[in-house]
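To start, the structure itself, in structure tokens.
By written order: A, B, C and D. Residues from 1 in each chain.
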Amino acid sequence: MQIPYTLQFINLLAALLLLIAFAMLAQRRILSLINLFAWQGALLAVSTFIVAYSTNQHHLYYSAGLTLLLKVLLLPWLLHRLINRLNVRWDVETLINIPTTMLVGIALVIFSFNLAAPISQLAEGITRGLIGIALASVLLSLLMMLTRRKAVSQVVAFLALENGLFFAATSATQGMPLVVELGIALDVLVATFIFGVFFFQIRETFDSLDITHMEKLKDD
Amino acid sequence: MDDIVILPLDVIGWSVQFWIVLGAAGLLLQRVPRLINDVIFPLSALVSLSLAAAGLWALAVAPGVMVLPLGLPDLPFHLRLDPLSGIFLILLGGASFGVSLYSAGYFKSMAGGTLGLLCLQYHLFLVGMTLVLLADDAYMFMVAWEAMALASYFLVTTDHSIPDIRKAGYLYLLIAHVGAIAILLSFGVMQGGNGIAAYTFDAMRSAHLDPFWSSAAFLLALFGFGAKAGVLPMHVWLPEAHPAAPSPVSALMSGVMLKTAIYGILRVTFDLLDTQLWWWGVLALGLGLLTAVFGVMFAAVQGDMKRLLAYSSIENIGLLLVGIGLTIIFHVYGKDALAALALTATLYHSLNHAMFKSLLFIGTGSILHATGERNMGRLGGLIRRMPWAAALMLVGVLAISGLPPLNGFVSEWLLLQAFLLSPGLPNSYINMLVPVAAAVIALAAALAAYVMVKFYGVIFLGQPREHALEHAHDADIWERIGMGWLALACVVLGLAPVFVVGQLDHVSQMLLGAQLGNAAGNWVFLAPVDTERASYSPLYFLLAVLGVMLLASVLVRHLYHGRVRRSDPWDCGFPAQTARMQDTAEGFGQPIRRIFEPFFKIEREVPSPFDTHPRYHGQSDDRLWYILYLPVKHLTEKLSSLAGMLQHGRIHLYLTYTFVTLVVLLVFV
Amino acid sequence: MSLLLIPLLGGGLLAVFGSRRWAAELNSLMSFFTFAASVVLTVRVVESGPQVAFNEQFFIDQFNVFLVALTAFVAFTTSLFSRPYMRIEQHHGKLSTGMLHLYYSMYQLFTFAMLVALTTNNMGIVWVAMEAATLTTVLLVSLYRTPASLEAAWKYFILCGVGIALALFGTILLYFAAERVLGQGGTALLWTHLNQVKGDLEPTVLKLAFIFLLVGYGTKVGLVPLHSWLPDAHAEGPTPVSAVLSGLLLNVALCAVVRSKVLVDGSLGTHFAGNLMMGFGLLSVLVAAFSLFRQKDIKRMFAYSSIEHMGLITFAFGMGGPVATFAGMLHMTVHSLTKSAIFFAVGHAVQKVGTQQMDSIRGLLQVSPTVGWGLALGTFAILGMPPFGVFASEFLIITTAMHEYPWATPILLISLGVAFAAIFGKVQPIVFGETTAKQLPHSPALVPVFAHLLLVLMLGLYMPPYLADWYRQAAALLG
Amino acid sequence: MMAEYDLIFAILFQLAQLLLVVLLAPLLSGWVNQCQAWLQNRSGAGVLQPYRVLRKLFHKDAVIAHNASPLFRVTPYIVFGCMWLAAAIIPIIAVDLPFSQAADVIALVGVFALARVFISLAAMDIGTAFGSLGARREMLVSFLAEPALLMVLFTASMISHSTQLPRIVDTLAHHQFVLYPSLAFAALAFVIVLLAENARIPVDNPGTHLELTMIHEAMILEYSARHLALIEWASSLKLFAYISIGIALFLPHGIAEVGNWAGLPLAILLLLLKLMLAGAGLAVLETVMAKMRIFRAPEFLGTAFLLAVLGLLIHFLLGA
């Protein structure tokens, strides 16, 4: 049968999302990391919009707009300002070298696809297979979190993880109830502000954002 | 009629409540310590007496039952008062009566605040022990048991500024708690049916376990209660904790609390479990023998008088365990008359030990107050300074040495009779074991005499080893009364065995369905099985000895003269004697240490002949501590360091934990 | 729903007036109102069964109403405690007025978040509220702005953030499964509805969902190996915060786990979720018990003991069945009360000495018997010594385990023994012996300590019938 | 009617034996000393010497240390009483002694223990170096000797299913003659115990006051006059008691049965004979053996203990 264009398009977006996730995993420079994050947000917004259009649920339009506002404009802007204020334009040092990370990432993707396969079977309509991708990007961001040693890049990874979730929430399940999405958005916002506060505090206490300084608390 | 049947339990209920009130009052009255000493403790002694009376009463009437609206929703507190509880209540009441009276005098010197607190803990301790004896479901038993442990722990650590005492308290409560866990497990094994209601003792009685599980229950109980009683190898806490406590508390712990553990073993083995196996008996017998010999051996080499008594308590617990083992063996092989004999011996010895050990412990309390000295090597000659304490403690010493006509001898006599009557058991191994066991018992008894001669001789006799002792004062009036009561109890228990055995028969009847009875048929002669086999009459014995003595003295005085001349001791014409030439405690124990050398971990520094200031230091340690306990400690530390490695402060690794956990779980779906 | 409005209002008020001198009193007052409201609510629920409100967005049954009451109560007593505590901290110059301001407002908002998480019917909102609770406490943990506190807060934030995110994924999967049955839109995440149709939910999806929910909320519960944030956060935050974290937040998170467990096992018809919870519970108990040995910081040690007890409770809920669930809830209650009481006492002790290193805290009984006895009794209570209530619940849990899963009992008992040895051995010299402590500028608030301990003692010896029925109904509800 | 007569006669017997032993005991020790003297080619002081010693001591004034406590003064009477009693309840002529109903073999051992404890305490009372030394050694010897004695008695009472001496003797003497291998071991053990308990060579030497060796003498150093007399008398009673235990257990034949008046004269004659033999044997033993170091004593007595237990085991094994 002829697959509807919307579905094809969403699948394409999903693929791009995954691609960007990989790109972030591979990325060494923090600025471009943030830009990539913004792009991811944009993809997310678009896909949400399409889902909203194809299933014409109105509240999805709101959340698409919200995504655009938050993740494409507000957060990247905030992060940029932070970086300028703290002038931390260094390269991202990773704990594990990039190729290894990539290999692990690929393994994760395969794993999550297998995991999602049975679920995809029972998903009808346009969302087939998206769970897998969402799961994959979540796991990839998680991997990124635990390979980066700068606070900022960890935060970006965290936000990317949120993106993956959001993608699952909208595209895969065609939108959670509005209340939930508003709540989620709010939390993300607050979280980011708190992150900001933290950056300054950490900065002024450790005069660096390298979180490897923060390994004092342990059982000895 | 019912109310009359229930009545003993009611009396006990009131007594317990009254005790709680007294304890609280003590806490409130801490501003006026005089009131606590002269009013509260005597009152509490009266309560003890009522408790003992109720226990005696309970022996005759049918078991009383009561369910309190307390405890868990589906498992309220069950109380039950049967002959077994009754006997131990008599023990508790009788001993605590004397000890409480004594305390009235003993704690006079104590500061108000501490005294108030101590008064509260003291009474909670008594209440805890009482409830242990009454509990009829697992939950209440555990609550009472641990409350008892907790109260006694706080009592032990009364003067907690001394690090050793803190250490003792820690060791004590830790082992007690481990034991409690084992007891809980054993109850869990014995639970009847399912649901929480299966934890009433009635449910356990009705439950039928296969040999494996009942053995498991027995072993767990033996371990748990053994830990409380100080059975090898769970004894290490006892010689630390008992000396650490104030003397009246040591008296209660040694005299009464250890018996609650014996009570627990009896309750579980003969009441809750419906079948017994012969090898349980052998196990108990063996453990008991080991404990007895070990205890007396270490008692012989102690220099601290309270430690010595504590070790002697270990010995007596060993004897009790031997009695229990014999009872089990006989019961399993259907020789219930003999089982009754062994059980009677056990219970009798419990009573006796409660009395004379309490007496001796409070006696050491008086000495401690008079001299401020626990090390026997610095005492001596106190019989002239404190005649009352000396006289009363002499009774205790003779009793604990198992000398006729006092009470210690009666129970040992019964125990040995049980051994002598044992042949004819189907199992030849046990038949072989029995004489050896009897021999070991005899050995332990003889050694006990050795220990006690050392104890009394070094403390009370000879010349004072320190000048400070010249100012030692005798026990005050309350203390004398308390000690007097316990000494009296020793004498009475020794002279009226027939009556006591008659009372104990209620217990044998309940647990074994058999009675010892008295073949002699009159109240003078005690003849367990048959007059032809054995009989003993302490009364005639006493009369004869006294008669012969009086006869001799009268004759001597009458035929010759009573002239006496005082002079310096002759001592083989040895000139210039000082008090330092007497045997010290350690010197007196030295032969034993030498004979049983392999059992001790001895470290000594002996001065060379050329030392200008020669000093001797010797210490005999318990090897078991190094063999059993330290490895466990090290293992725990190793494991905990492993656990500590989890927490090394690097957030990436923490995230990795999350990540790995997630992935693993996802994989294993 | 005055219950929820009060703390929100309180948060607002304190956000405004937080820097005034009477802010502390206002804080306590608000908490008291919340408590009163919760009592009213409780009475209503116990009388007339479960009820819903705000077109089913909120749902109160016997299970969460008991948690609501508990939360409100402990929040109230903690506010009482924090009044002098914070004053003393200020006196010592550790805190500025601004920080206090932040503290008071955040305290109310935290209460609000927890109450929402408890009372809401919408699994999504549960998630939102949990996240909110995390965010509010993060700032409280880093209140002192010391490097250590920052590090602790950062770890807390990151780890719990990730955890929560995973929980969100679980929620999404839940919704994904639910919408097939309940159709699109609002009702598909309502617990009540899910509970009705749990039989027809898609098992495979729910399995997946539960794993994510367990890992997510489990991080907040502090289950090993997701517990790493917990000791740091407890040790470095202000003591009242440690008290509420240990006493309340963990419960709330666990409550979420239990809710989802009910759904998942209902749908699978197997004991899958239960087994997972039991596994995590046992692991937590074991690891925490052995970790206790090496602790030097007193608050850190009690944090580990919280992990241990949470493991025990998780195990109990995992076992399921009326008795075990009953025991689990009872243990939740007594643990919250006891642990917060301990933290109160510890807080004052630490203030007296000026350090959290146990080696330098000595002889509390000498300088202030009340604090000393509070700590000693609290410790014995938390160690499961009768006659305190903790023993009652542990008794029930262990005996049930002996009946249902005999193999688990040795692990539990060994851990309990080890924990006993560790904590008792460290607390004894703190309470006893010669002292190193000094007097305090403000008189410590010990009413909460002994109020809690008395309650615990009562629960150990006597449980009022209505309370028992209440627990029973709740247990029946969770099955 | 008849029973009452029996009882009265029995009581008479009891009193008679009381008198007999207390009078006969010094004679026995005198006899032993005399035999030793002969064996050592001395012409001894004669068998009546102990009586003279006692008379002399009773006449003297008692000299007591300043710090002696009442315990010190009452002990001699207690010891004397105990020993007298012990000697009185052992059937040596006839088996019907009513008092042995009141005290069986265990009580007998108890009596010895009682006396020992008191004399040891009294020895420590004055607080001299030798006193406590003696007390310590006495207790050291006894804590091995006493259980050994108990085991010996147990073997006998196992055989006769009774712990009452009359019954034991009755069984051993008047039922059909059986050889008891267990008793052989018991006898050996008993001899050792006898030597040890009565302060004989090789464990102790009653003859000397050599500090390094003495045990019993060290304890009674501070006693004089009537007290010393009583103690001496008591120790000869003790010797008598032990020997008569030995007789009763190992060669009881000839002791009169219940109510067999006719047998009495013969019994008395036999008794004297046995006593003389035993005393002579003791003398021989003491002469041929050498005093051993104090720390060899435990091993020596340990052997006795071992033998006694072996005897008991053999009884279980062979049923004889």
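Assume a residue touches a chain if its C-beta (ideal position, glycine included) is under 8 Å from a C-beta of that chain, and two chains touch if they have at least 3 such contacts.
Quantities reported herein were computed from a predicted structural model and do not represent experimental measurements.
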In terms of touching chains, how many steps apart are chain A and chain D, taking the shortest path? 2
Among the chains, which is located farthest from chain B on the basis of C-alpha centroids? A
How many angstrom between the C-alpha centroids of chain C and chain B? 44
What's the distance between the Cα centroids of chain A and chain B, rounded to whole Å? 71
Dist(centroid_CA(chain A), centroid_CA(chain C)) in Å evaluates to 31
Distance from chain D to chain C - Cα centre to Cα centre, in angstrom: 79
If a residue has to touch 2 or more other chains to count, which residues of chain B qualify? 643-644, 646-647, 651, 655, 658, 662, 666, 669
Could you say which residues in chain A touch two or more other chains, in rising order? 115, 142, 145, 211, 214-217, 219-220
Which of the chains are touching one another, listed as pairs? A-B, A-C, B-C, B-D
Which residues, counting only chain C, touch chain B once they are in their complex? 154-155, 158-159, 162-163, 166, 207-208, 211-212, 214-215, 219, 224-226, 228-229, 231, 276, 287, 290-294, 323, 363, 365, 369, 380, 383, 385-387, 391-392, 395-396, 398-400, 402-403, 409, 413, 416-418, 420-422, 424-425, 428-429, 432-434, 460-463, 465, 468, 471-472
Going by the contact rule set out above, which residues of chain A touch chain C in the complex? 57, 115, 118-119, 122-123, 131, 134-135, 138, 142, 145, 151, 154, 158, 161-162, 165, 168-169, 172-177, 179-180, 183-184, 186-187, 190-191, 194, 197-198, 201-202, 205-206, 211, 214-217, 219-220
For chain A, which residues are in contact with chain B within the complex? 95, 111, 115, 139, 142-143, 145-147, 149, 211-212, 214-220
Residue numbers of chain D touching chain B in their complex, please. 58-59, 61-67, 69, 71, 77-78, 80-82, 84-85, 99, 101-104, 106-107, 110-111, 113-114, 116-117, 120-121, 124-133, 135-137, 139-140, 142-144, 146-147, 150-151, 154, 157-158, 161-164, 167, 209, 211, 221-222, 226, 230, 295, 298, 305, 308-309, 312-313, 315-316
Enumerate the contact residues on chain B facing chain D in the complex. 380-381, 383-384, 390, 394, 398, 401-404, 409, 412-413, 416-417, 419-420, 423, 431-432, 434-436, 438-439, 442-443, 445-447, 449-450, 452-454, 456-458, 461-463, 525, 531-537, 540-541, 544-546, 548-549, 552-553, 556, 559-561, 563-572, 574, 577, 579, 581-583, 587-588, 591-592, 594-595
